[in-house]
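So that we are looking at the same thing, I have put the structure below in C-alpha cells.
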Amino acid sequence: MSVNVGILGGTGAVGQRFIQLLDGHPEFELTTITASDASAGKAYREAAKWRIDSPIPEYVGDIEVRATDPSDVPDDVDLLFSSLPSGVAADVEPKFTEAGYVVSSNSSNSRMADDVPLVIPEVNADHLNLIEVQRDERGWDGALVKNPNCSTITMVPTLAALDNFGLERVHVSTLQAVSGAGYDGVTSMEIIDNVIPHIGGEEDKMVTEPKKLLGSFDGSEIVQHDVDVAASCNRVPTLDGHLENVWAETAEEITKASAEAAFAEATTLDLPSAPDPLIEVFEDPDRPQPRLDRTIGDGMQIAVGGVQETPAGIQYNCLAHNTIRGAAGASVLNGELLVEDGWV
Amino acid sequence: MSVNVGILGGTGAVGQRFIQLLDGHPEFELTTITASDASAGKAYREAAKWRIDSPIPEYVGDIEVRATDPSDVPDDVDLLFSSLPSGVAADVEPKFTEAGYVVSSNSSNSRMADDVPLVIPEVNADHLNLIEVQRDERGWDGALVKNPNCSTITMVPTLAALDNFGLERVHVSTLQAVSGAGYDGVTSMEIIDNVIPHIGGEEDKMVTEPKKLLGSFDGSEIVQHDVDVAASCNRVPTLDGHLENVWAETAEEITKASAEAAFAEATTLDLPSAPDPLIEVFEDPDRPQPRLDRTIGDGMQIAVGGVQETPAGIQYNCLAHNTIRGAAGASVLNGELLVEDGWV
Amino acid sequence: MSVNVGILGGTGAVGQRFIQLLDGHPEFELTTITASDASAGKAYREAAKWRIDSPIPEYVGDIEVRATDPSDVPDDVDLLFSSLPSGVAADVEPKFTEAGYVVSSNSSNSRMADDVPLVIPEVNADHLNLIEVQRDERGWDGALVKNPNCSTITMVPTLAALDNFGLERVHVSTLQAVSGAGYDGVTSMEIIDNVIPHIGGEEDKMVTEPKKLLGSFDGSEIVQHDVDVAASCNRVPTLDGHLENVWAETAEEITKASAEAAFAEATTLDLPSAPDPLIEVFEDPDRPQPRLDRTIGDGMQIAVGGVQETPAGIQYNCLAHNTIRGAAGASVLNGELLVEDGWV
Amino acid sequence: MSVNVGILGGTGAVGQRFIQLLDGHPEFELTTITASDASAGKAYREAAKWRIDSPIPEYVGDIEVRATDPSDVPDDVDLLFSSLPSGVAADVEPKFTEAGYVVSSNSSNSRMADDVPLVIPEVNADHLNLIEVQRDERGWDGALVKNPNCSTITMVPTLAALDNFGLERVHVSTLQAVSGAGYDGVTSMEIIDNVIPHIGGEEDKMVTEPKKLLGSFDGSEIVQHDVDVAASCNRVPTLDGHLENVWAETAEEITKASAEAAFAEATTLDLPSAPDPLIEVFEDPDRPQPRLDRTIGDGMQIAVGGVQETPAGIQYNCLAHNTIRGAAGASVLNGELLVEDGWV
C-alpha cells in the first residue's frame, strides 16, 4: 500500500523534518510540497534553505513547490501534513478540509476546538472518532486532526501511564531546546550563558492540552480530564530535546516501583513510526540527557528517569525530541493512525 | 572598626570570590590566606591560578600563603572564612574552633549538626545563639557557623517571606550554573548542548536545609519547620546564577498580589553586604534571567519573577548569584552578623 | 567644559552601548536621542528594549525620543553619534552634516569615501584634517567622521605599532563574537556547537580599511598604505570580544622582543576614553581570552598575546571588545578627539 | 577474510570511537580490549563509562577486558589499535611490537621517530615501507605505525593536493573542538562564552608532522618536505569537528579554479573506510561548518570551502571530524592499509 502525501508549508524547520521522516517511509510517498507564493514554481532545493545535517533527498530537491491552495494541489494526494505558521493555518487548513483533504496538522490553531481531535495515538486514538462530529458540523468531506504542542507531548504519555492511579495534580518545569521556537526564534544573544524562564503561550498549552488529551470521547464530545496542571516553561541553550521535571499527585498511593512499571507497560501501537516500548525508563539518575538521549527510538520514544517518591506523590524527568516526537513525527504518526483506522 | 580576617582554603574558586568580596570591605581586613601544604610559603599570586575577570588586588598577590593549621595562623586574626573541600573541612575546622577561632564556613560538612547554626542573616539571625550550646557541648572557645548550600540560599529567603501564609509544601526545579560545581566540576563535553538532570546530593540538601533554616531556636535546640520540599536539580550551560522554579502551597490562601507584597517587604538588615531590598520583584514575565540579573545588588540580592496563582498555591521563579549570595558572599554576610552580634 | 551630545539611532544594541559609555562622561552631556518615527515621542525607557546588564540611567529613561531628522534635533547639540543601520545612515547622515552638525559615526557607509576621515585616534588622528577637504567639496558646515569596522579596529593598532619595521603582508583569522552582528544577527540554531567560517562583507573591510587607516594625509587626500591583507572571518559562540590570529611580514627583520616592545610603546593619547597603555601585552600564551580579557581598560584597550617568530615574520593574537573599542567606544573616542582638535 | 583485532586502551573516549567504527567492519573482528589493571577482568560494559550517543554493541559489552600486556592478549589477534595515553604508550607499544604484534597507533609518542611510519593512506601510503627499516633496526617481528595529530590530519590532505603547485609556505589558524582534548580535557568554566587561543604542543605538531607526511621515502629514510608551516591553535566551544583557516603559498601560480580542481581530484583509495572523494569542495562560502558537516563521508571526508585567491597564494577553510578522521578512524584506515599491503 502506498499513500500519496503532501506537506503544507514544507520549506521551514518543521517542514524539513517532515521531509526527513517521510524519506523511505514504508506507507507514504511524498509527492507534493506547498509553500508561500514567493516559492511556488521553484524546485524545492532552490526554495528552501536546507538546515538539517543530512542532505536533501535527491527526488525531493527536484519537486516543484506549489502554492498553498487547494487548487494547486493534485487530486491524487490523500493526506496532507501541515506545518504552516498558526496564523496562516487558521485561514488555509479549512479550505483544504472543505476541498476534501485529510489534514494532519502540527500548527497550534484550533487544537482546543470542540470538534477537532487532538491526538497522541498511543494515548487517545479513539478521539479520532470525533471526525464524524466534525464532518457533521462543518460539512467537510476531509478532516482536520491536530497533534499537541511539543512540550505537552513530552509529558502526556507519562501522565496517561500514571492515570491508573487517579491523576489529580501535576507540577512541571520544562527545559526546552531552542529549535522549539523555530530556526530564527531564539537569538544567540538571548541564550548563550543564559536561561529564559518564560515562553509566551507555552504554559497555557501545558495546562489545557493535557485535559483534552486525557479526556474521554463519549460519542459526541470530549469530556475533559480534571487534572490540574501548573507549568513553568524555560528556554535553555540546547539545540534539540525538551527535558521536563514532573511532580504528579494521584488519588491512589504510588511508589517508585509501581510508577516505573506503569511507564514500562505503556501502550504501544503497531504503526510504522510508533516506538516500542513507548517509554524507555532509565535507572541511572543522571539520565535522560537531551544530547545523549533525544534520538532514542529514532526520536519517537519518551525517555524517563529519576523516578522518586515524594511526600505528595511521585517525581520524575521525561525527555522527547521536540521536532520529531514533538512536531513532525507526531503528525506523521497521526497520519499513520488515520490510514490504519480507515479515515484516509 | 577593623577586624582582621583570614581565608581557609583561599586558592580555589570560592576562595577567589572571598578575596574579591573582601577587597575594600568596610569592616574586614584580609591578612591571612591558607591553602594546602604545597602552596604554603608561596606568594598568593604564585600559589593560585587566578580565574576571575578582575585582577588580583595588589596587596593580596603579595600575601604569603600559610598552611591550613591553627599553629600557622596569626593570633590577631579574629574571624576565619572557610571554603575548604568538605572532607578537609570536617577535619580541620574543629581544630580552629578549638583553638579559639570563629569560623564562618561555606563548606557543606556539619551543616545539619544539632549544635551548628546554619544561618541566612535575613532569615534566621537568632539561630546564632545556638553558639552557646555549641560551646557548652564541645568545649570550644571559638565558634563554627555555616551558610547553606547555594541552591538552598536562592530559595529560602522567598519561602521565609511566604511563611506568614503557613508554608506547607514546596516543589522546586533548579537550573544551576556550572560554577556551582567548582572550576573543574563540569566538563565541556558534558554540558555543551545539554542539561544534566541530576546533581549528586543536591536534592537532599534542598529538602533538609530549609527545615532547619525556617525552624525556630527554643533556647536549647532548633525546632525544625515541617515544610515538605521536593526538589529536582538540573545543571544547565550557564556560568553563574542559579535559577529556580518554585511552587509553594500554604495553609492560608495566597494571591499573586499578597505574595509579591510579602517578597517586597522581606526583612533587610543593616549590614555592609546586606542588600536592600532583600528580594527584587520583576514584573516582566521573562525575568529574572541568569546572565542579565545575577549581579543585581552586587550579587547579594534575590531576584523573583513570574509570580502566578495555581490551583494549589503560588508559582514563581527566583535567582541568585551562586558564588556570591550562594557561597562566599553568604559567609561574609554571616561574618558581618557575627561581628554585629558580638560573637567576634 | 560640557558638550551637548546626541545619539542618532539610540534604541539598538550599539545605541545602548553609547548610552552606557556616555553616562558619567566627563565632557559630554547626553541630551538627545533619535530613533525611528515609530519611537519618536515616547520616553526612552518605553521605546527601547534594554538589554545591557546594568540598568538604564534614570535620566536617560526619561528622555523623549525624537525623530531622526535635523528639524527635530535641538540646535544646542554640538556633536552627534550615529549608530544607524548603514542603509539609513547613508541617507540621513548627510542631512545632519549639511545642517551643520558634526557626526561621529559607527555606521559602515562612506567609510572608504575619499573625503571622509576614517579614524582611530591613536593611529591616524591627523586624518581629521581631511574635514577641510570634505567641507570644501560638499559645502557642509558640519562634518562626518567614521570609525572602522570592529574587526579592523582590533587589529590595526597592532599593525601600526609594527609599521616601524615596514609592514608588507598580513594574514588574519578572526574569531568574532555574536554581538558583532547585532542583537538579532545570529540565531542560536546557527551557532550553538558550531562555527560559521564566513561573515558577509567582513573580509573585504579588513582588506581595505587598514590601507586607509595606515595611510598618510598629504594635505589633500589620503595616500593609502600598500600593505596586503588577507582575512578569514569566523563567527564563534562568544557574546562579546573579537579575538584575532595575526601573521605579519615586515621589510625589516622583526623579533618577538622587538615586536613586544613596539606594542608596549604604542602611542597613547590624553583623551578621557583613551586607555594607557593602548596595547596590553600578555606573556601567558593562553591569553588574551575573550571572556576574561574583553573588558580590560574599560573595554578600550587592545590585548595582545602569543607573540612568536615564524619563518616569514611574526605571529600573535589580539583581542578587543567589539561593541566598546570596536563600535560605540570608538565613536566616543573620535568625538573626544574632534573636541580636542577644535572641530566641535 | 576476517582479521582479529584488539584495542589497547579501549575504555577512553578514542577507545569508544574505535569500538563504534569496528562494529560491523567488513574486514575486522574485534575480539580483544585492554585497559588499566583496575579494569582487567571486568566485562567491558562495567569497565567503561560509555559516553557515545549510540548504545554499546551487545557483544562488546560482554567482552572481558584484559590487562595492557602482551602476555594477556591472545595470539590469534593480528592487529592492535592503540589509543593509550602517550606516556603509557611510549612504554607499552614497544613490548607489543617486540612480541610480534602489528600496532596501528593514534598515540602521539614516537610520531617523529626516524623509523616509525607516520601515515595518512591517501597521502603517503608508501611510507609503510619504512617498516623494513624499523624491523632491521629494532629487531621487531611486529610493527609500529602512527597516524598524525587530529589538527594535522585535517589540513595535510589539502596540502598534498596543492603540492603539485610547489608548496612553500602555510599559515593556518585552527578552531578546534573540545573533544580533541579528551572527555575531561576542557572544563565548562574555561570554554562557555570563550575561546582559548593556545593548545599546548599543538602548534609544534602542526609545524613538524606535515614535513614528514609530505616527505618522500628514499628506501632508507623519509626525506622531509621543506614546507614552512606556522600555526595558531584555538579551542572553541564546539563538541566535534576541527575547522581550519589555511593560507598556502606555492612556487607556481595557483588560482581558485586550479586549487578546487586539485582538491576534487585528490587521490582516493579502495579501502573500506576510505571516503570517495577524499575532499568534498563546498561552493557556499559559509560552509563547511562543524555541526553541519563533520559527519560527511561517515566522518572520514575532508570538507573544504571558502577557496579564494590572495595576493600571496590561496586561502581556504578545511574541516574534519577530529575523533573519527582525526583519531580512531585514522588508525582503522591505517590498519586497512596494513592488511591490503600485506603487513598483517
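As written, the chain order gives the labels A, B, C and D, with residue 1 at the start of each chain.
Basically, a contact is a pair of C-beta atoms (placed from the backbone, for glycine too) under 8 Å apart; a residue touches a chain by one contact, two chains touch by 3 or more.
Note that the coordinates shown come from a computational prediction; the quantities given were computed from them, not determined experimentally.
Farthest chain from subunit B, judged by C-alpha centroids: D. Of all residue numbers used where subunit A meets subunit B, over half belong to both copies. The two sides are thus made of the same residues. Annotation: B-D is the more contact-rich of the chain pairs A-D and B-D, by number of C-beta pairs in contact.
As a whole-number value, the distance joining the C-alpha centres of subunit B and subunit D reads 47 Å.
Computed from the mean C-alpha positions, the centre of subunit A lies at a distance of 42 Å from the centre of subunit B.
Mean C-alpha positions place subunit A and subunit D at a centre distance of 42 Å.
Residue numbers of subunit B whose C-beta contacts span two or more other chains: 51, 192-193, 237-239, 291-292.
Listed in rising order, the residues of subunit A touching subunit D in the complex are 51, 53, 192-193, 291-293, 295. Across the complex, subunit B is touched by residues 169, 171, 173, 175, 192-198, 228, 230, 232, 234, 236-239, 243, 245, 247, 285-292, 305-306, 308, 310-312, 315, 317 of subunit A.
On the side of subunit A, the complex with subunit C involves touching residues 13, 51, 178-179, 183-193, 237-239.
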